[in-house]
Each structure stands twice: as structure tokens, then as C-alpha cells.
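Listed after this line are the structures, all set down as C-alpha cells.
Look at the two complexes coming up: subunit A is in both, with subunit B in one and subunit C in the other.
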Partner chain A sequence: MNIAPLLLYAAAAVGYAWHFGKRSSRAGRAATTMLAAAALVHTFIIGMQTTEVGHLPVVGTTGALSIFVWLSSIAYLYTETTSNERSMGVFIVPLLALLQIIPTVSRYQVVARPPVLESPWFALHVSSLLFAYASFALACVIGITYVLLFKELKAKHIGFFYDRLPSLQVLDVMNARAVTIGWTCLSVGLVVGGVWATQAQAEFSDPRVQAMSVLDPTIFVALLCWIVYSFELYARRAIGWTGWRTAWLSAIGFAIVLLNFLPIGYFLTRTHNF
Partner chain B sequence: MIPAISPRRTGSGPATLACLVFLAAGVVAGPVRAGAQTPAPQRQVPSFRSGVDIVSVNVTVTDPAGRYITDLDLDEFAVFEDGVQQEPSFFTRSQLPIALALLIDTSASMERRMQTAQEAAIGFAHRLRPQDLASVIDFDSRVNILEGFTNESDRLERAIRRTAAGGSTSLHNAIYISLKELSKIRARTPDEIRRQSIVVLSDGEDTSSLVGFNEVLELAKRSETAIYAIGLRTREHRGSRGFQEAEFVLRQLSRETGGRAFFPDSIDELTGIYGQIADELSSQYTIGYTSKNPLHDGQWRRVIVQTARDNLTARTKQGYYAPASQ
Partner chain C sequence: MSQLFLLGVSHHTAPVDLREQLDFARRGLPDALAAVIDRPACGEAVVLSTCNRAELYVRCDDAMETREDLVRFLGEFHDVDRESLAPHLYDFASVDVARHLFRVAAGLDSLVVGEPQILGQVKDAFTAASDAGCTGSLLNKLFHWSFATGKRVRSETELGQGAVSVSYAAVSLARKIFGSLSKHDVLLVGAGEMCELTAMHLRAQEVRRIAVASRTSGHATALADKVGGSALPWSEIEQTLATADIVVTATGSPTPIITRESIAAVMRTRRNRPLFIIDIAVPRDVEASAGAIEQVFLYNIDDLQGIVSENLARRSAQIARAEAIVAEEVDGFMAWLHSRRAVPTVVALRERFEAIRLAELKRLEGKLTPLTPADRARVEDVTRLIVEKLLLTPTERLKGLSSADTVRLYSEALGQLFDLESPRPAAQRPDDAVAEAEHPAAPKTSVTS
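And then the complex of A and B:
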């Protein structure tokens, strides 16, 4: 069933690339329509899965990845609509299409959550973190586009990105907003996760729950992310860092997020593999 | 869109359309405005071939007293590109519509002078003609487009009255964003062809921009926009290193783009300066030619315009970048 949103994400990615390359507003509108359709179909699938098992299908890395793609598409659509800027779709939608391949080819089947995950704290923990990661993905893409445009201006080879991307100031403001939202959600997710883990460790003898500590790779990297993004916000407010410095920090932060999602989430975690 | 100096290859996108429309406008307007245009080019029906680069320059001519001279004919101009005299194929001294960005520095240092600055800018906005477009942009730590391009002076006035002082100065950002906004204006019909300008009022050096002076200067040189700069001197900052830097930036931007820089000692001079800018914008000539240098090497080409009459000064953009091979 995940093939339908994958195809729509891929079609939207092609549309955004066409829009970016040819500056065709018709292709841009088609890409947005395609992405909205992808998000809608994805919502429908997640809704079906939720009805099937009685909770959001966030158990396991693959389920979380699918939700992450869905939230990212909604976050991007919101940004595009509010800023009237389509030019960043070419950078983020292909990434979503690529990530959506994993739940599609792995033939992800939603599974009922074990009793240890039935706490409302757990649902809040997971949804906060996924929304944070979706915001960070957006901030990363915005940061990369900022650096590309900045380098073009510096090199005085003005044209390609200058004609297609919004101004540096718009990108900088969007980056700051995405990081602020992401950091807030990440903080909530980490605190709630800590509360939930403490409660669960007292109630359940599941070795995965008992092994939860800051030394667990998933938790450690999540805390590392929080430190990087906290520094970015601090640097912006207290040191006056803006522009390419914060753009790079957003890109580095999301590289760490991806590290947590893919290699650590699939191969190294000892605790977050329910 | 009227390029101040803009080499374009016909048949390559919206900018080309503007150029074609620009030339078409000259031909269409010719018989009607016989006194305003030279006969020879008007009789020629231009043929548009793929690969033809049209360069157009907006020229301001003044006498030694600074008065604008508006009755010159084409044969009284000589246009040189890298020292080689060019043959103009288009000439007009008609008052083309304008698209301009009105930039107002709202950094904290402007606080005491804000009201006077607002009134002067409002007076300028009301001098615009119905066919002109203007936008209002304020800049302090951030650049805000308070009003997008419109010909409604009431809306411009309301936007100017919304400006409030506070924060640092992002002068480079403001010019960069204005150039970007102006580049979005496209002419679809001859009536929509406009000379583009930025009128910027600032009282100090840039302190918080995301782009540097060199990058902004480069963008300005590549644009089709004349920059008119008003640098407000204050008693305490006069002669300071910061203001000298600001003065250099404003002078350089206006000089390179064929605009003009003003440095009044008193805020009360603002109304008169805005008036001079309005007069200048309506007193310009536009001369178009096909460059004798056919190379598409992307190199800078220096342009000089001279007049045959004695004691007159012709001012235009310093040059343009040749198109690069694709």
C-alpha cells in the first residue's frame, strides 16, 4: 500500500526539479498538487493503519520513518504555502521519496504495540521527536540552499540560484523558524521520553527498557542533536550568528538526525527496537 | 522593463521579450513623438534575429549649473564601448514609466529624524505618475517590504507612515532584496516598460547584512537599475570612519549604476533632494545599440556617453557584462 505515496512523492520530486530547472510555474503548481496528493494518500494509509491496530503506527524504525516522511511533507507544504516559495521543493521532496522507499520495499506491516508502549507518554514522546526531525530536515534543506546561494554570490557567478531561490534573508528567517520549532519539539520529546523510560523501568522487566540510558546510541545521538541545535539557537541570539554559520549548523544537526534514523536505528540500537 | 544597460540575446526568455518590447515601443512611439526621436532610426523597421545583443543605456545630461538638459537629439550623442564608437539603433527622450524601490533606513539612529524623513518620502511618492510603480522597503536589522509595487500613492503613504526606528543597519541586504524584487518585474506590453531605480535613504554604515558590499555592488552592476542614494550626515558622525565607509558605499553604488548620491547636512534638505531625483528620473534619454564586439565572453565592457554640445555632462552606468557563451 505504501507504493502509492512513494509514486506520488517521486512524481512531485520530478515536478519540483522541472520547476526549478525551467522556472515553469505550471510545473511548480503540478508538483505542489502532486505532493499534496501524496500527503493525502499517506494520511489515508496511516489512518487505516491506526484504525487497524488502535494506535499510530510508530512501533519500529520503519514505521517511524514512514510517519517522519508524512510529517515532513506536511511541514514542507505548510512552509511553501505560507512563504509562497516553491524553490526548495527540489531539495526536500526527492529526499522524502528516497526515504519512503524503505517502508515500501520492506513491505512494512503495522504491528500492535507491546504493553510497555501503551503509555500516553510514549505517544507524545514519539510524535514530538518525529515532528522535531521533520522540522530539522526542512532547516537542513533551507541551510543547504542558503550556502549554495551565498557561494554563488561570493563567487560572482550570479544567475542560477540567484534567479531561483528566495533571498538570503528569507532563507535565514525560515531556517531560524524551523530550528526553533524543531528544538522545542525535540526538548519536549526528550523530557517526555525520560519520564516515560523512568516509569517503564519501574513497571516492566523488558531488557530493552532496562537498558535505556544516555549511553544507548539512539539516546546519546538524540542528546547530541539537542546540544547542536541548542548551540545554534544560543549562537543566533547571544553571539549574533546568522547566515551561513547557522545554515551549516542546521545541516550538521540533520546529518546527526539521519545517523540516528538509519544506521543506528537499524543496526546499533539496543533499546529503541520494539 | 527597461534595461539601463542590458545586453540580451533575442529569443532567450522573458528578458528578451522585454528588450523586444522595448525596441517595439520605440518604433511604435516614433511617428507620434516626432520631436522626441530622431528620424533615421524610426524609418528602419528593426528585424529581430536570433543572437542579436541589444545594449541600452539611460543617460542623464546636465549643464554646469546642474540643470537637466532634455532637448538633445541622437546626433548630439556619441556612445563608446571599450573605446569603440557604437552606432545607436534606438533613441528616446520620452518620459518612460518608472519602477522604483523606496528604501528607508529605520535603524535606531534615525529615530529623531524619522518623521521628517517620512514626510519627505511621502511627498516623493505623491509625485509619481499613475503609470509609475513604487514599493516601500524599510531596513534596520531586517529588511521588510512594507508595500509591494503599486501605483497607488495612498498605499505608499500608509506604508511609509508605518516605518518605525529601531535596530541596526542592513543596508546591503536592503539593496540586494530591492534588486531582486525589481528583477521580478516583467513588461508584457510596451506600456509596461519601465526604467528601474532604487532610492535609498540611510544615515550610517552597514552593520548587520548577510551579504557584503562587493557582492551587492556586483549585483547592482549586473542589474538594470539606477541607484539614487541619500546619505544623511549627523553632526556627531560627520567625519567618522563609519560614515566615511557608508559614504563610499553609497557613492560607489550610485556611480556604477548611473544614479546619483546626495549627502545633505540637514534633514530639512530631504524634500528638495527627493524632488531632484524625481526630476532626474523624468529627464533621461534612452539610447540603444548593437555592440560592435560580438564576443560572448562574459567580460565587463566599459561604456561612455558624450554629448556634442559644450559644457554638458552626460551621466550613465559605467558599463555592463557581456553575455556569456552558453
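And then the complex of A and C:
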């Protein structure tokens, strides 16, 4: 894949780090510009790939990863503009730059999907899950910053994060919002995936389709994710969990998402390796 | 040669009662400006009057004479006798005026170093003077330069950051926990001075409700009236803990008033919403172990004082950086002041060239008569353009000179080469001639920039 988005993501990551460390608003503006440029170039490349194969290039983990990075950067940019808060960039953009290395250096080719994936369900399944994961990435980052600030305030030693982060309340609300959006998309993606897999099993004899069940690592871990985030939402509403507990849950949830993406997606799954 | 001059008093040199007497705002700033500009010695004037300083910035010819005149003026205007005034005055001339004003605008000369209001006050003082027509090219430049310096210091250093009083530190902590305070209630336990001060800061943040509880209900009512809250019976403290998010305690009680158990008990009703407790009483009013409850942020007077002294230390570490910026800007301003000395030579040079051009046109008058008016106008334009272009580089070079000696050298050489009349000092020229030399209304070609 073209190296331009990776370079721009990396430059944006450096910009956000500079902005956070030195509190330079000029570096912050430059970082945002760079990230917007990265997302734009990335959009263009994904658009090219889409016209090339006739559908979103999400077949296979590498393609999905690239779309995930793209969606996350857009979700982050949206959050940054609406909340007018640039301090979270340093926690998420470097991660995006790292993940983008995989589609950039791997020699993956966008290929047309096999007939089994030619279904509107497939597009809905993949895009809602990727959007869910992008939201969870944001929730995780917001959660981490919450914990950092919370610890400073509890220790009564205010300083580095105190000067740089928005208030606990703002972080808490942003976390809740990201988790709610992510959980909704995750639920839609899982239900659609289930319905579609049942249909496909009747139609195709592909072993990968036949192997789809709750016991497949990818599907199992995705359900685990759903349980974690459902619990977070429940705990928030019913038990009154706020703050650092829900922040930790978001971090754990996203760790599971990454686990699903990288080791499981590449090595373990028997069903999601098209 | 006209120069800058400053006479003033500030919190560094004068006690508060004298500063009060010298407050120009009391008598009306426009009157003061009109009175200063009327003094024969003052060409331009700005009056900066805040609760911590009263300063007169003027353009004048002779510093010593102007000083005498302004001291007399201050005494007469405010009805203060000279003897009680003189020991508290300070004065600066020329580039030292710029250094002083830049430090003032940057907040370096303030009582609380780095406080942000002063820049706005300097701007207001300048606007008032400029609206009254009391400023010209010199003070315009000086004050605009000071705004830029103040802004630079604010954005490039952390001079103005961090709370430097206990009560404000408490408020900024509250903001870090709750964000906007407009949906949060405050409970004050005790009705002392510290409670009042903190409550005033909180009210400025537009908290939703303030409740005051005191063992003496009269005190509670009095404080509640002052801060726009409501008085609360002493017995209702514990149940109010369930709804208030910010609690300030400052009673003289020898034993804790709020126990860990009572807080732990309300956390369930609060559904774990954060509770911020500011205990500024000595001995403490809230059991220290309450701080261990998960969503309770308990700060006592030492914690807050620790934050304040950390902030003060950080501010003083920033002072050197801010001073360096000021020094840099003073150098820039000084270079501009020097280059300004070239203005009379530039004006003389332009006048000389223009005179030659007009003389030549006059000499050719006879040959030019057959031309149509349009062609006549073209000849006029072309000759003017030639003169402008010839003068473009020399003008720019002259104004770019930054040392006074070089300016003098060049001026002498040019005077000899072009047989210029020894240029009159800028001060004696009408201001528009100087302004003309700085921004000539040149035809289309930009002669200076």
C-alpha cells in the first residue's frame, strides 16, 4: 500500500507529542492539519481500491486494519473538533501510525471478494464492527487519560496531566459517549454477522463458512468484547460506576479488540481469513 | 530630537494611600489626558492608571524640563504637595521607557507577577488616549509593540499560569474535577473569612446553589446574604452532603465535624458522583481518612498551600524567560527608534528630488504645451515614477540602519553629496511630514513597506 498515509500519520503523531509535551498550540494545529491530510489521502487510496474491486477493500485482516485506522482517525478528528480538545491526540495517533505500518509494509493486494462474501450483509457486518472498534479505541484513550488525571488529583500532586487534560467530568462523558456508540455498532455487527452466517451455511460448502460458530476464536472474543462493554454500560447506569472503574473497563475492552485483530486475526481464526 | 519620557508611581514605590490620591480614574481619564496634552512640553501622551500604578507616557524634547513640568502637573492635578510626592516618583527616558512598559504589559512589574489583567488595562489606557487624539507615531508604535510583547510572553512562557492563592487554587481544582460548575451545589460549613473568599470565587464560576451552615445561625444568614446563597440549619449538614458536590469547611471546631462514616454513608445516595471537599480549618474539620474513599477528593489547607507554592515557584522559573523576551523586544524597538532618526534625511532627500523634478518640468513648460491633457498627465506620472524608483533603495537602506552613529554618518554624507539643507529635527516638523516619510502616498509603486 502507498506509504503516504503512514508518513502523514507518523508526522501527526510527532506533532501531537510535541503539542502535549511543550504545550505549543502551533504544533497542535500542525498536528491536526497533518492528521486531516493523512485521513484525506487515506480516503483517496481506499476510494481507489474500492473502484478497483467494486466494494470496500475490507476482505482479510490487513485490509480491515487499514479501514480501521482510517475510521479511527476520522472519529478522533470528529471528537477533537467537537470537544475542542487536542490533548488526547498523543494517546491515539501514535497507535494508529503503528497499526498503519502493517498494511503499508505487507505485500497485500486488494482482491475482489469471493462469491461467498457477495452479500449486502457482509458490508454491513464489517463496517459496523470496524466502526465499533474505532469508537472503542477512542474510549480506551479517553479512559487512560481519565485514570492519569484521577491519580494526580487523588495524590494531590498536581502537575503534568493537570495542566494538559480537560476535566474529569468531560473525560467521563466523552468515554460514556464513545462506549455507547461503539456498543451499538458492535451489537448490530454481531447480529448481522450471525444472521448472515446462518444463511451462508445453508448456501455454501466453504469450510470457513461451515466452521463459523461461537467456538471460533474470532467470534468468541468478539462476544467477550460485547459482554465487557455491555457490563460497562450496565455498571454506569445501574450501579453508578463512574470514573476510573469504567475507564479501566474501556481499556480492557480495547485490549481484547486488539487481541482479536492482530494475533487471532492473523494466526488463530479458522473462519475469518478470507 | 523628540524622545520618550515616563513619570509614574507604582506599588513598588508608593503606599496605597498615595496611589489612591493619584488615581486618574477618580477624576476622569479624558480630563487628565486633556490636561497632560495641554502642557507645552508634551507632544503625545498616554495616561496609565490602575489600582497599582499611575504613569504618564509622553513624547517630549527635553527630559529634564518635562520631568519638572510633569511633577508639577501631578501635584496640581491631584492636589498633592510636592514634598510628599517626590520621593515616590520614578522616571525613565528614551529606550528605558520601552523596557518599563514592555515589562508592565508582560505582567513582570505586577504585584502578583504574571497576572493577566494588566495587558487589558494597558490596551484600554492606549485606546482612551488614541481616541482623544493624544497619540502620534511614536507612542502608537511604542504601545502596539508592548501589546505584542505582552502577548508573546503569555503564549511563549507559563508566567500567568497556575493559581497563586489558596481560594483560587480550590476553585481551579473544582473545575478540573467537574468541568463547568454551573450544575453543581456548594456547601459552606463555617462562616469565616476564608469561606467567604472561596465562596466568592465559586460564585464567579456560576455554581448552581450555595448553602451556608454555621453553629451561629446569624453568621450563616449574614454570609449567605453576602454570597447569594441560603442559610442552613447545622443539623442538616449530613443530609446536604448527599446533594452538594463541593464542600468548603472552615470552622473553629476542635474536633472533626464530618466523619469518614457519614461521607461513606452518602456515597451510595450520591451514586458515586465525585465529592470535592476543601477543608481549610485548623484543626481539620473533616476526618483525614475520608480522603481514601474512592470518589472523594479531600484537600486540606496544607495541600492547597503546597499547590500555591509550587505554582509560585513555577512562575518565578518563568520570569527569566519572560525577561529575555522583553529584552529581545526592547532591542527591536531600539532599532526602530534609531532608524527613525534617519527620517529627517529621508524627507530632505525626497524634497530635493521633487524640487528638481518640478523645476525641470517647469523649464520644459513651453515644449510640453502642445501635448493633450492625457499626455501631460503621463509625463507627470513617468517623471514621478522615475524619482520614486531612484529613491526606493536609498530610503529603505536608510530606514534599515540600526545604529545611531551610522545614521549620523550616512546623513552627513548624503547632505554633502546632494547638497541638502541640514535637516531640521523631526520634532519640529509637523507630524504629517514624518508620517509622509514613513508611509508616502506614492503612486502605485510601493516605495517603503
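Here is the rule we go by: the second predicted complex is superposed on the first by the 273 of 274 C-alpha atoms of A that agree within 3 Å, B and C clash if a C-alpha of one lies under 4 Å from a C-alpha of the other, contacts with A are read in each partner's own complex, and residues count from 1 in each chain.
Criterion: a residue touches a chain if its C-beta (ideal position, glycine included) is under 8 Å from a C-beta of that chain, and two chains touch if they have at least 3 such contacts.
The shown structure was predicted, so the numbers you read here are calculated from the model rather than taken from an experiment.
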Fit or clash between subunit C and subunit B when superposed on subunit A: clash
Partner chain(s) touched by A:153 [first = subunit B, second = subunit C, both, neither]: both
Partner chain(s) touched by A:40 [first = subunit B, second = subunit C, both, neither]: neither
Which of subunit B and subunit C A:255 touches, first, second, both or neither: neither
Superposed model, subunit A: greater residue contact from subunit B or subunit C: C
First, second, both or neither for A:223, with subunit B first and subunit C second: neither
Which of subunit B and subunit C A:3 touches, first, second, both or neither: neither
Which superposed partner A:242 touches (first subunit B, second subunit C, both, neither): both
Contacts of A:167 with subunit B and subunit C, given as first, second, both or neither: both
127-135, 235-243 or 343-351: stretch of subunit C that collides with subunit B: 235-243
Footprint overlap on subunit A, where subunit B in one structure and subunit C in the other make contact: 153-154, 156, 158, 162-163, 167-169, 242-243
Touching residues on subunit B, where the partner in the complex is subunit A: 142-143, 170, 173, 176-177, 180, 183, 210-211, 215, 218-219, 222
Partner subunit C, residues of subunit A touching it in the complex: 23, 25, 149, 153-154, 156, 158-159, 162-163, 166-170, 240-244
Residue numbers on subunit A that touch subunit B, as the complex places them: 150, 153-154, 156, 158, 162-163, 167-169, 172-173, 242-243
Residues of subunit C that touch subunit A when the two form their complex: 155, 158, 161, 173, 175-179, 271-274, 294-295, 297, 299, 303, 306-307, 310
